[in-house]
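Next come two complexes built around chain A: one with chain B, the other with chain C.
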Partner chain A sequence: MDQTHASSPLAGAVHDLATEVVLALRSGDHLATVCGAAGIDEENRTGIAAARVIGADLLLPSVLYGRHPHPGDVAVLDRAVREFPPKPDAPAATAWSHWHMISTLQRFAPPPQGATGPGTAVGTGTTVGTGTTVGTGTTGTYAEPDAAWLENAPWQSFTHQLSVLAPLAVPAAPSAVQRAAADRAVDLARGFVRAVRRRDWLQAAGAGRWLAAIGGEPATLGLERGLDFVELMGGHDPRVTLHVRAARLMAEARAR
Partner chain B sequence: MTSGNTGIQQIHDVGAKALGWLYEHREGFRLEADPAPEAGMLDRFKPLGELALIGKVIFREGVAGSQQSALAHKLLDHAWHELLGSGARLLEGQRREPLSPVPLEVYVPFRELGYRQPDLESAIRLNHRLASWAALEVLPVRRLGLSAIERRFGVEPSVPETAALAHTWLARRPEPWTVEGHIGYDITHTVFHLTDWGEKPAGLPADIAEYLELWLPTWLDDWLDLKRWDLLGELLVVDACLPEPTLDAAAWQGFAQAQQPDGAMPVVGDMPEGDEESVFDLVYHPTLVAAFASALAMSRALSDLSSEPAPA
Partner chain C sequence: MYTTDTTATDIELDLDTALNPGEIDGVYRDSRECAYLALLAGGGALLLSPPTPRPKKG
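Up next, the complex of A and B:
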């Protein structure tokens, strides 16, 4: 575990996980195991907490390359979902992140024996997919949280919140958050400018990833060069690089 | 420090207080009798040039209120007669540095208000015929300003304004996230020159207006946060020059709160310390800009009232 730049074991684990996601995005290797490479399994408490921080991006290489995720990664994400459910008074962004982890797991869940439809189970291939929180059919899913608060948020806080929810910026994953983002591309673009000016590279990368996912940003923003700039300036944080690479892959896919 | 007012009233009060301070401290606008030899003599005219350009707009806008209009006129009168010797000092400067464009830049707004110095005009017209005048190496935004001021004086711009504009930062509409302080001033002054310092908002080309509408909110947000009141004030002027000014509530609120009870506006952060002259030299510009931004914003807000509800 490379903790050279980490301030705590958790920060170190987050750093390692993000680094492995970046490597998998770069290589496109469908055999890659993010958690295994980072030395994290489902019994590793710090690792599970780090997986909760990275969220559904743990499976991002599979989402973007359209490949099956490594079972070990699915197991860790599933464990993170069950170990860290949002409290009733949790911030909306936490609830959304949780919701997205569940829906990402469902996206990759093969229909179980005898099931009549897709998306009815999670964590298959491991022994941990039978929890009560998730994945027992449509009635067992975590309801989509409220997103009305996003509609009236000023562009500054809107971008900040969307950036926290950057893992939701993936193709073919409709949500109220994604619709809010698509409706406010100019505000996100302004937020990108603000984040770059403030040298908040993580927020800038998250906002840029959203813009790459939804499109519609003003041409004068210079998003492609902006993402390069953010990576150049903030790429020492693998979470920044993760968003930038995700953005590039989505932008390339959109251009095709 | 804080004003209890909001919206239009707050914008009005910022201008009224700023202009009051400028008039009270008008002796601060001075030409040193014996400037240091290394300082360009004509550099000392810069504050007067800004006072003239902005004072003229406040005087003309009228909406600032008849009292402010009268104060602006008295300030200009003081500057022309007391400080510029009814133009004699400008002529003297021109004789000292014959090719300098500064006397022209300072003179034009006064001339538009009816103040005249015929001998200076002869020198300007001769200058205008020189190849060297057109060849002067200046920054693109300054070249645009010179072209505009030549037009306002009534001679053909040595470089057409559209050609001069093309070389500015703003005309290229670059990545908005690259804007730093010095680029910020290039942006505001390009807008000032294009609109004759706010007198003709229609002078903004549509593509530049659209660009500014997109990105000005991010720069207002940024310089409000940095408490850089001088540039924030200039950006509020730019806002007032847009087809649909936002009269950005947060920016105006912060700007108003930074203004001192006596009307002075600090450059950045809090008021500087020092003797009266040195404080004046530091704060006259942001205070002038505060009066300018207020007058233009009031003008736009009130003219919009006649056709549609004013922005909240």
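Up next, the complex of A and C:
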């Protein structure tokens, strides 16, 4: 990518990585590595940080198409998990995205028998709740962060936070966040409309992705047309396109 | 060494911001965009409904 106009090296790397994920989603081809195509390997700290931002969506093509991810992409995601763990005072969303990265890695490379995967809710409050990682990399015990704060969040901030956590909106990946989204589909639909009105295309795309993943939005919303509009207006940001494409793939799968 | 340390710090600051973005300031649609929505009609009744009241300042 021409990073001349990127606001920072990290922003440029995120743009590159998201672009490659979108290309992989469009082609359905996973023979090539997403990270390799973006010029990112395990030794590239900016690239690893970009992988932390993209999170589990790095492997989204494999998740949605049900194919094995490229080992290079798995290695970069694993490195991002270990290189950038949530700080003790990190916001809950950061803890959740980190948890989901581990969960996704374990989805493709289950931990050895006897080790406990993600799934146990602990902690309270709106921050931390990061659980405990035992061992290194993707094996060991890692508890679900707290999600109680989502239940009482106003629908505007609920949608904002869910949009930040859009990588969790994938099939067959149960979590407390996904359950909260399913319980508040109408709030998410309201948030989707609000985001479109505010021209916050990334938030709209993330909210739309959640609605496509969980269903249950009001029929009057016009989600499909709304996503078309979001992509039309915000498609210059590959993260917007990534969420919209993911939403469409999940909606198509639900319709089958 | 100085450059490396600075870069590492910058990356972590950028990363924290990227992982926890605040909401952007709302910029509401203009009539041209409403026309796009109208062209995409066939749904989206809520998206084409009148805008919600904006909060009063002061």
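Definition applied: the second predicted complex is superposed on the first by the 223 of 256 C-alpha atoms of A that agree within 3 Å, B and C clash if a C-alpha of one lies under 4 Å from a C-alpha of the other, contacts with A are read in each partner's own complex, and residues count from 1 in each chain.
Everything that follows uses one rule, which is that a contact is a pair of C-beta atoms (placed from the backbone, for glycine too) under 8 Å apart; a residue touches a chain by one contact, two chains touch by 3 or more.
Treat the numbers as computed from the prediction; the structure is a model and nothing was measured.
Of the two partner chains placed by superposition, only chain B is touched by A:V186; chain C is not.
When both complexes are overlaid on chain A, the residue A:H68 reaches neither chain B nor chain C. Looking at the shared chain after the overlay, A:R26 reaches neither chain B nor chain C.
In the superposition on chain A, no contact is made by A:R254 with either chain B or chain C.
Look at A:H236: by the touch rule set out above, it reaches neither chain B nor chain C.
Here chain B and chain C are compared by how many residues of chain A each touches, and C touches more. When both complexes are overlaid on chain A, the residue A:W155 reaches chain B alone and has no touch with chain C.
Residues 189, 193-194, 196-198, 218, 220-222, 225-226, 229 of chain A touch chain B in one complex and chain C in the other. Taken together, the chain A residues at the contact with chain B in this complex read 155-156, 186, 189-190, 192-194, 196-198, 218, 220-222, 225-226, 229. Across the interface of their complex, chain A is touched by residues 173-177, 179, 211, 214-215, 217-218, 221-222 of chain B. Within the complex formed with chain A, the residues of chain C that make contact are 8, 10-12, 14-15, 18-21, 23-24, 26-29, 33, 36-37, 40-47, 51-52. If you check the complex, the residues on chain A that touch chain C are 8-11, 14, 45-46, 49, 52-53, 84, 91, 93-94, 97, 160, 164, 189, 193-194, 196-200, 203, 218, 220-226, 228-229, 232-233.
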